[in-house]
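Which chain is which? They are A, B, C and D, in the order written, and residues in each are numbered from 1.
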Amino acid sequence: MIKVGVLGAKGRVGSAVVAGVQKADDLELVAEIDHGDDLQQLVDAGVEVIVDFTTPTSVMGNLEFCINHGIHCVVGTTGFDDERYQQVRDWCAANEGVGVLIAPNFAISAVLTMAFARQAAPFFESAEVVEFHHPNKLDAPSGTAVKTAQGIAKARKDAGMGEMPDATEQALDGSRGADVDGVPVHAVRMQGMVAHEEVIFGTTDQSLTIRQDSYGRESFVPGVLTGVREVADHPGLTIGLDEYLGL
Amino acid sequence: MIKVGVLGAKGRVGSAVVAGVQKADDLELVAEIDHGDDLQQLVDAGVEVIVDFTTPTSVMGNLEFCINHGIHCVVGTTGFDDERYQQVRDWCAANEGVGVLIAPNFAISAVLTMAFARQAAPFFESAEVVEFHHPNKLDAPSGTAVKTAQGIAKARKDAGMGEMPDATEQALDGSRGADVDGVPVHAVRMQGMVAHEEVIFGTTDQSLTIRQDSYGRESFVPGVLTGVREVADHPGLTIGLDEYLGL
Amino acid sequence: MIKVGVLGAKGRVGSAVVAGVQKADDLELVAEIDHGDDLQQLVDAGVEVIVDFTTPTSVMGNLEFCINHGIHCVVGTTGFDDERYQQVRDWCAANEGVGVLIAPNFAISAVLTMAFARQAAPFFESAEVVEFHHPNKLDAPSGTAVKTAQGIAKARKDAGMGEMPDATEQALDGSRGADVDGVPVHAVRMQGMVAHEEVIFGTTDQSLTIRQDSYGRESFVPGVLTGVREVADHPGLTIGLDEYLGL
Amino acid sequence: MIKVGVLGAKGRVGSAVVAGVQKADDLELVAEIDHGDDLQQLVDAGVEVIVDFTTPTSVMGNLEFCINHGIHCVVGTTGFDDERYQQVRDWCAANEGVGVLIAPNFAISAVLTMAFARQAAPFFESAEVVEFHHPNKLDAPSGTAVKTAQGIAKARKDAGMGEMPDATEQALDGSRGADVDGVPVHAVRMQGMVAHEEVIFGTTDQSLTIRQDSYGRESFVPGVLTGVREVADHPGLTIGLDEYLGL
């Protein structure tokens, strides 16, 4: 049983993490910290791993305290830049054996989709991305879709591939999608849907499609729990879930 | 056994029709006519139904001859306009009981997709079309996708529906597709693919997707054979396969 | 503005209907009735249409009262049999112009999927159903999938079609699905999924797929609201949503 | 320009390879060998890489000749067992720098699907395979689907995972698919389809789907050409395309 503390435990994300830890047979929730609570509780409760979904303002103080007390950290809070990463690395260097995972995206299916897309890209002449979201979304395409396309573009470039075949001469404006580094990206907005992404690759007589569907708002939970289980085996700072997924 | 004659029997489409008729247990191929052959052969062979995949130049002569000889006609040749339709109607009026089917599209899955899309449209706030073709295609989106979108737009208008919900404020150019009468249409060009179309509808907590896939170049054959089997029961001129499909 | 009353307003389904009516611009919620409340409130509030998601015990009393007071009824409560339907018809006969819609399934995408499947069935040699549900479901396949397959089987039979082509000689047990009146039905159980169904049809060089996805527990709401809006135009008893959907 | 020789050049597969090599800008076809031709032609033409799609009877002689003449080999011929592999290894040991690739499956999308399935398996509670083939196929499920399921089962076992969640109590026979090492596999037989496979994974609020579609009979060509381009960089014997795909 790994003893877990959750910081930001009363937030929407944090409370879902709390529920996820409580349901897991191999994890024990021993501390729930929210704004204003004393971090010393973590030490008193014997916490081995903390999960931090707090705010850019509080996260660095939380990390300094935890790393210096030998507590591993799984972090989904946003607002990290190179300077902050370096600071975390310095704290880790002074506390050998402590692992810190900072990831912008804990949705395993999204992380795998992006990784598989990068792996597959060099072997297919054509690649396009179609994403589907509820119609209240403000931006198009989604950040994940743009990132996916950029990963494909980079993998193609690294493999020395040129432009995709496309004989289109006569097109209605917008029909061929947005051009993200040469990869067409299409955004569908659909009442009732949540968040879905399809990456399609094609070559002679075949296609390969990788699709992720998010059906609800707790799709990050399995990725966070994977982080909690594995962080002790990854000392120092790790950025992004990929390494933990064996990618 | 219905006795069938094929006009344009040596063309790519015609020869596929010939093969399809030969394979069908309830149809008998008794005449194959190509450029320069005498139409009298049709009468001599006792043809009951002809299939015409010839040229805009020859089709009207073929139809005049067949209708006047009491032979039903299934026609996939292009180039018809209102004037030609009226001429065919006149010939039919003079030959009661003769059926003529002229259809721009014999691919049953495409015709059903368009019909189902029109039927479903009034019940969903959101509707978009995504089509996928091989990268040698010159136009985007495909004619079928444009027609599908127009059908959806008309059905929405007839039902008094307004614009689709879409909160997008910040979009990469082209990401939201082409606007066909208010319905977004996205065109994917993919090496290895043939011709595919997906119509997606969404409302509260649910979506409905109608998808057609063409895997080869003979997807029109079942529709032509349906026409051959049913044309005697549809005297006069019928435009489009819909009525034959019970739509 | 149609004045609406909801019976069973505090139940899970009823409260979703309440929220749906409140959000609709053309509907006005004027009465919420639950167990023990006096039905006279409906009359006092000028209710034009009631929605009943109560219990088999209370629904007949509710209908008798409403029909006799000239109030149209949209009913999702279960437990109806031929005797009950006849009773409702008798009440309607005595109250000309009152419409009653009783439907076992208000999920529009599911109802359309079943209807489209019946329409498409005669034109494709092959047809199979694949359904996907969360792994807590007790039965396999789902009732909707079985019904869909039965509809396909009946449509094939009515069209004089024989068995589907299938050359399988060597099969692992269960791989070809359950046989529902000759239509193979496959059930997938998948953590994270909600309720999804795919109907696949195939003929020469093409396939047609009709897919419905339920992403949440309120997928019945749009169908109920469609019922509310249309019930006044359908006097007498209507069973099932199909007629309202123009099917 | 890599100089390529094709053995079995007149067979169905070999002639597709011939056409593929001819179309590739970076490959030059300098020898076409068929039954009875003298292998010395390969040396005379300066062949650097041969592709062998011949028969189990001739392949070992071909390989001995080529390896001993310093020619790299890409082999799709069947009939290899441990003894034959060892023989090839011995020939390679005596000819340092010569690369030999022997692969049972050159369809890149199929190979990637199996690899991605193994990678994803440890992170999802549920996993099922659905495959779709034309109805003339004699076995169900397909060999590829069985292999995919076995790979998933092994990855789950290696990760210490138990059975998948499945509350099914009441099931129609066959509805839950074939059990391949604990992974349900469903086989659909559909007129018009070619060869398609879908691997579905699910965990909290999300699913991941990997799908491959074969639209024609030349889906092995890109994999063979990848082999031809890379074989010189992989001295010794390599079994299976995975390593060449960076998997």
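The working rule: contacts are C-beta pairs under 8 Å (C-beta built on N, C-alpha and C of every residue); 3 or more make two chains touch, one makes a residue touch a chain.
Every value quoted in this text rests on a predicted model; they were computed, and no experiment measured them.
Chain centres here are means of the Cα atoms, and by that rule the chain farthest away from chain B is A. Our note on geometry: chain A versus chain B, Cα centroid distance of 46 Å, whole angstroms.
Each chain gets one centre point, the mean of its Cα atoms, and the points for chain A and chain C are 39 Å apart.
If each chain is reduced to the centroid of its CA atoms, chain B and chain C end up 32 Å from each other. For chain C, the set of residues touching two or more other chains reads 124, 192-193, 201, 203-207, 215-216, 219. With chains as nodes and touching pairs as edges, the resulting graph is complete, every pair of chains being joined. Put simply, chain C touches chain D in their complex at residues 124-126, 128, 130, 132, 135-141, 146, 164-180, 184-193, 200-207.
Interface residues of chain C facing chain A in the complex, by the touch rule stated above, are 192-194, 215-216, 219.
By the touch rule above, chain C contacts chain B in their complex via residues 20, 107-109, 112-113, 116, 119-120, 122-124, 201, 203-219, 221-222, 226, 245-247.
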